[in-house]
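Paired with subunit B in one complex and with subunit C in the other, subunit A is shared by the two complexes that follow.
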Partner chain A sequence: MEQLLQHLLNAVVLGGTYALLGIGLTLIFGVMRVANFTHGELYTFGAYMAYALIGPLELNFFVGLAIAVMLGILLGIVIEFMLLRPLQKSDMDTTMLVTIGAWIALQNMELFGWGGVAKSVPHPFPTDPFVIGSVSVAPLRVFVVCVAMVLLVSFYLMINRTTFGIAMRATFQDPEVSSLMGVKINRMFTLTFAIGSGLAASAGALLAPVFVVVPMMGDLVTLKAFAVVILGGLGNIVGATIGGFVLGLAEELGAGYIDSGYRDAMGFILIIAVLLLRPQGLFAPRERTG
Partner chain B sequence: MRTLIVLGISLLSSVSYVHASDPIKIGMSQPLTGDIAAAGTYVANGARVAVEVVNKSGGVLGRQIQLILEDNKSNPKEAVATAEKLLSGDKVPVILGAWGSTLTLAIMPRLLEYKVPMVVETASSSKVTTSGNPWVFRISPPSAIEAKAFGDTLFTKFTPAIKKADMLVVNNDWGRGASDEFTKLMRSKGVQIGAVETMAPDATDLSAQLAKIKQSGGDTLFVTTGIEQLTLVLKQAQEQRVPQRIVSTGGSSAPDQLIEQAGLAANGSYHIVFFAPWFPEDAAHPEVAKTFIEAWKKKGYAAAGLTDGFRGYDGILTAVQAIKDAGKAEPAAIRDALWNVNVKGANGDIKFEKAGPAGQESGQSIPNIYVVQIKDGKVVKP
Partner chain C sequence: MLRVDGLSVKYGAVPALHGVSLEVNEGELVTLIGANGAGKSTMLKAISGLVKYEGEIIFNGESFDNCGPRNVLTMGIAHCPEGRRVFPQLTVTENLLMGAYLRHDRNEVRRDIDAFFERFPRLGERRLQAAGTLSGGEQQMLAITRTMMSRPKLVLFDEPSLGLAPNLVEQTFRFILDIRAKGTTVLMVEQNAFAALELCDRSYLLASGKLVQHGTSSQMLSNPHIREAYLGG
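Up next, the complex of A and B:
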């Protein structure tokens, strides 16, 4: 029972960041129809920027995180402008290959620039964990989860309550009609990619002090973000959020009670099951056609 | 005309072969990029340092040594490609490699094909020396030898004594081998075994494994994995207040790097290392250890890399000694000479015993192992 509580707590912490990664990716897919394989690299970029700003440059921890996220948004804009905009009329396979290429290039640049030795990001939180009964959690992780929740909630408010959010959802449903209604599609694409990238970079920056920063850290993240997106249904934002928590839970309980060696496989086993039994995703309403 | 060009080229190349003052090539395959790039780079740097030291003292057989370093990208397929390049392209008479059992095992069939010996500087799986490959000479300890040495000399050094042990290992040949051997050793000492957990090589969140281990009631947790993951284990064990004393095995834990990256979480942990640069006077050959450490620092390499770097250093010393004893830089002669070398390395004496099936034995050296503890951000003798 105590072990179960610890697993559940860990799952919530993990799920929050999976959700951040998932909604960024699903948003880009939904609005732009791009399967974005640079997502994990934006995560890595956010982590390295957090390291550079808080470590060697000795900025305040919170300021450093905020700037790292902004730089992530900037990199997202650059990628969209230079690689995806010229290919707007191309099919999904083409943009997918381009983002895979960008993934490899970015990763090698990181390896070249930072070297293979892992970097550690200092943080101001006490290292002694909060202990409730036999369950414990580090203050840093509590901070990560709180920020993740704030980001998730503000993202929903933006999507559901602002004109910009309505325009984005309209583009989501039908780019051509919304462009006839006066939505500037190009700007919408850039902003979507920027927001998606910012969410990935924020997950990376938040998790950098929890884990260590290495050039390959994004690989598994890209795959997991896709797992979250497929679990929730492609382009489904609420689905991706819940999918993030489901994946966290599946990994924790799978590792805790089945076999820890297959921890990272759990998510992918779940995807196979979802694709076989409910290919539209766990939470997708019936596909709207026409 | 074309015939003339071909003739010219072949003349030129044959001329270069007979030139006695040409350097002797030693090939090396290491992971310089990919998951284990950090450790691979340390080992490669150790080899670079050794080549410099050897060349400065006049080289071998009156010729200089040239290190041809290839990146196997932490990937077995790429490891085979590097071996092909070194063996058929550069035609090196001896190679070093390849960091880890998986990468080394991938290269081994090529040695049989090209009949070129390999000095294995890092690999812990017993398969490396028991698969009947007479071209393999390993200077690092397989897990069985490491566990045995731990049982013989280090087991009793722990107070309070080890009563119940848990294992947390990376899910590959190395980790599973270590977990098997240390479990066997602990059982033979009357120690109970609690949780045995594995983790994927690229897993970052180990909270589930640690939550299970925390409940096992053990007093000592043996961890076998690379330095990055070990850092995460230490940090997360502290977050979850895992009560066990942590002992890392495998010899590539680079305690200096752990202190820097895991901070307070590294305090109290024990590490099995095969080279203890903090106490060179305790090495079997202190003067060799000191020469290595000085040359390493002069190159400006990070001190944290010494615990891995010595493998590259000792590997080169071994290959060079064999070339010297053979009297010529030819693969078969070097292989024969390797059986009789007695090298004073940074780790200690390197000489090979026979291992594996009769008639096709591989060479296995029995290295020294040490255990150190991190205390108040410093490496100390426990």
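Up next, the complex of A and C:
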């Protein structure tokens, strides 16, 4: 029981960042119909920027994280503008191949720039964990989960309560009719990719001080983000949020009760199960036509 | 008000319209009739900026020059597309807010939305429900009102009666007549030629991307060729 509580707590910490990643990816897929394989590289980029700003450049930890996320947004805009904008009329296979190419290029640039040695990001939090009864959690992880929650709530308010958010969901559902309402579709695509990239970069920047930063870290992240998106149903934002936490939980429980070697396999076991039993995703919307 | 001059549209190498000209005067209700594939919808899409065209479209003295849907809407032309096309996962209210996307007078927008709910109380009850859960007739009323939310001077309707039960078709046409009575000019595509001709002031008949006939509603209704080909003798 005590062990279970500890696993649940860890799952929330992990799940919050998975949710950020999943939302970013599902948003880009839903609005732009792009299966974005650069997603994990944006995560890695956020992590390296956090390292560079807080480590060698000795910026304040919180300022460093914020700037890292902004740089991630900027990189997202550059990718959208240079690689995806010219291919707007192309089919999904083409853009997918292009993002896979960009993934490889970005990863090798990181390897070239930073070398293969793992970097760790210094942080100002005490290392002694908070202990509540039988569970304990490091203050840094509490910070990570709090920021993730704030980002998730802000994102939900943005998408549900603002005119921009309504227009983004409308574009998601019917770009042509949205353009008839006066939505600038090109700008909406750029902003969508920027927001998705920003969410991935924020997950990377947040987890950088928790783990270490290496050039290949994005690979698994991209695949896990796709796992989250498939769990929730392609293009389903609420589904991706819940999917993120489900994946966090599955990994924690799998690692705790089955074998810690299976941690990263849990996501893929989940995908297979979902595709077999409920291929539309766990949380497919209901709708009526006619 | 609207003048279309020698309009041609191609989808890839396939021509959909060649050299069609038409005119809509302020306050009129004009219909485009013709068989499937005659180019009626393409005409509306060219006017609203969804497809690129050759030729000239002039609205209140200003030429469009393929300026795109947003600019066309800003100039005062709104397009209600074929098949209702409400945003299925947005609520009824959010759909209407999208119609008013370019407006900045929030209080007036609220008032317009309330007026719509007063007219269609059933939709008012469902204002927070996803539009995809509404019936076909309700979706059509929503789609028309969403288009009117931008307060256009000219509105383009593409087959508003498509797929609706007869009593709902009548409701839809009444709604459109009402819109015209309130001062908005209407250009409508309708596959039901008889209903379209009964309703309109003037009409244009398209066949295979070309204009074959035009005239007032009574001229068209009494034209033997049209009677035979489109009105069932």
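Please note the rule applied: the second predicted complex is superposed on the first by the 285 of 290 C-alpha atoms of A that agree within 3 Å, B and C clash if a C-alpha of one lies under 4 Å from a C-alpha of the other, contacts with A are read in each partner's own complex, and residues count from 1 in each chain.
The rule is short, and it goes like this: a contact is a pair of C-beta atoms (placed from the backbone, for glycine too) under 8 Å apart; a residue touches a chain by one contact, two chains touch by 3 or more.
Predicted, not measured: the structure shown is a model, and the values here were computed from it.
Engineer: Does the superposition put A:Thr163 against subunit B (first), subunit C (second), both, or neither?
Structural biologist: second
Engineer: Can you tell me whether subunit B or subunit C touches more residues on subunit A?
Structural biologist: On the superposition, B touches more of the residues of subunit A.
Engineer: Could you tell me if A:Glu252 is touching subunit B, subunit C, both of them or neither one (first, second, both, neither)?
Structural biologist: first
Engineer: Could you tell me if A:Pro129 is touching subunit B, subunit C, both of them or neither one (first, second, both, neither)?
Structural biologist: first
Engineer: Identify the partner contact of A:Glu176: answer first if only subunit B is touched, second if only subunit C is, both if each is, neither if none is.
Structural biologist: So A:Glu176 only meets subunit C here.
Engineer: Look at A:Leu65 in the shared chain and tell me whether it touches subunit B only, subunit C only, both, or neither; answer first, second, both or neither.
Structural biologist: Neither partner.
Engineer: One more residue to check, A:Val228. First (subunit B), second (subunit C), both or neither?
Structural biologist: Neither partner.
Engineer: I'd like to know which partner A:Val145 touches here: subunit B for first, subunit C for second, both or neither.
Structural biologist: Once the two structures are laid over each other on A, A:Val145 reaches no partner at all.
Engineer: Across the complex, what residues on subunit A touch subunit B?
Structural biologist: Residues 2-3, 6-7, 10, 13-14, 108, 111, 115-120, 122, 127, 129, 131, 136-138, 140-141, 210-212, 214-217, 219-220, 251-256, 259-265.
Engineer: Subunit A touches which residues of subunit C in the complex?
Structural biologist: Subunit C residues touching subunit A: 48, 50, 68-70, 73-74, 78-79, 81, 85, 87-90, 94, 97-99, 101-102, 130, 132-134, 136, 146, 150, 163.
Engineer: For the complex, give me every residue of subunit B touching subunit A.
Structural biologist: Touching subunit A: residues 32-35, 37-38, 40-41, 171, 197-200, 202-205, 207-209, 211-212, 214-215, 227-228, 231-232, 235, 238-241, 257, 260-265, 302, 304 of subunit B.
Engineer: Where on subunit A does subunit C make contact in their complex?
Structural biologist: Going by the criterion above, the answer is residues 163, 166-167, 169-170, 173-174, 176-184, 285-290.
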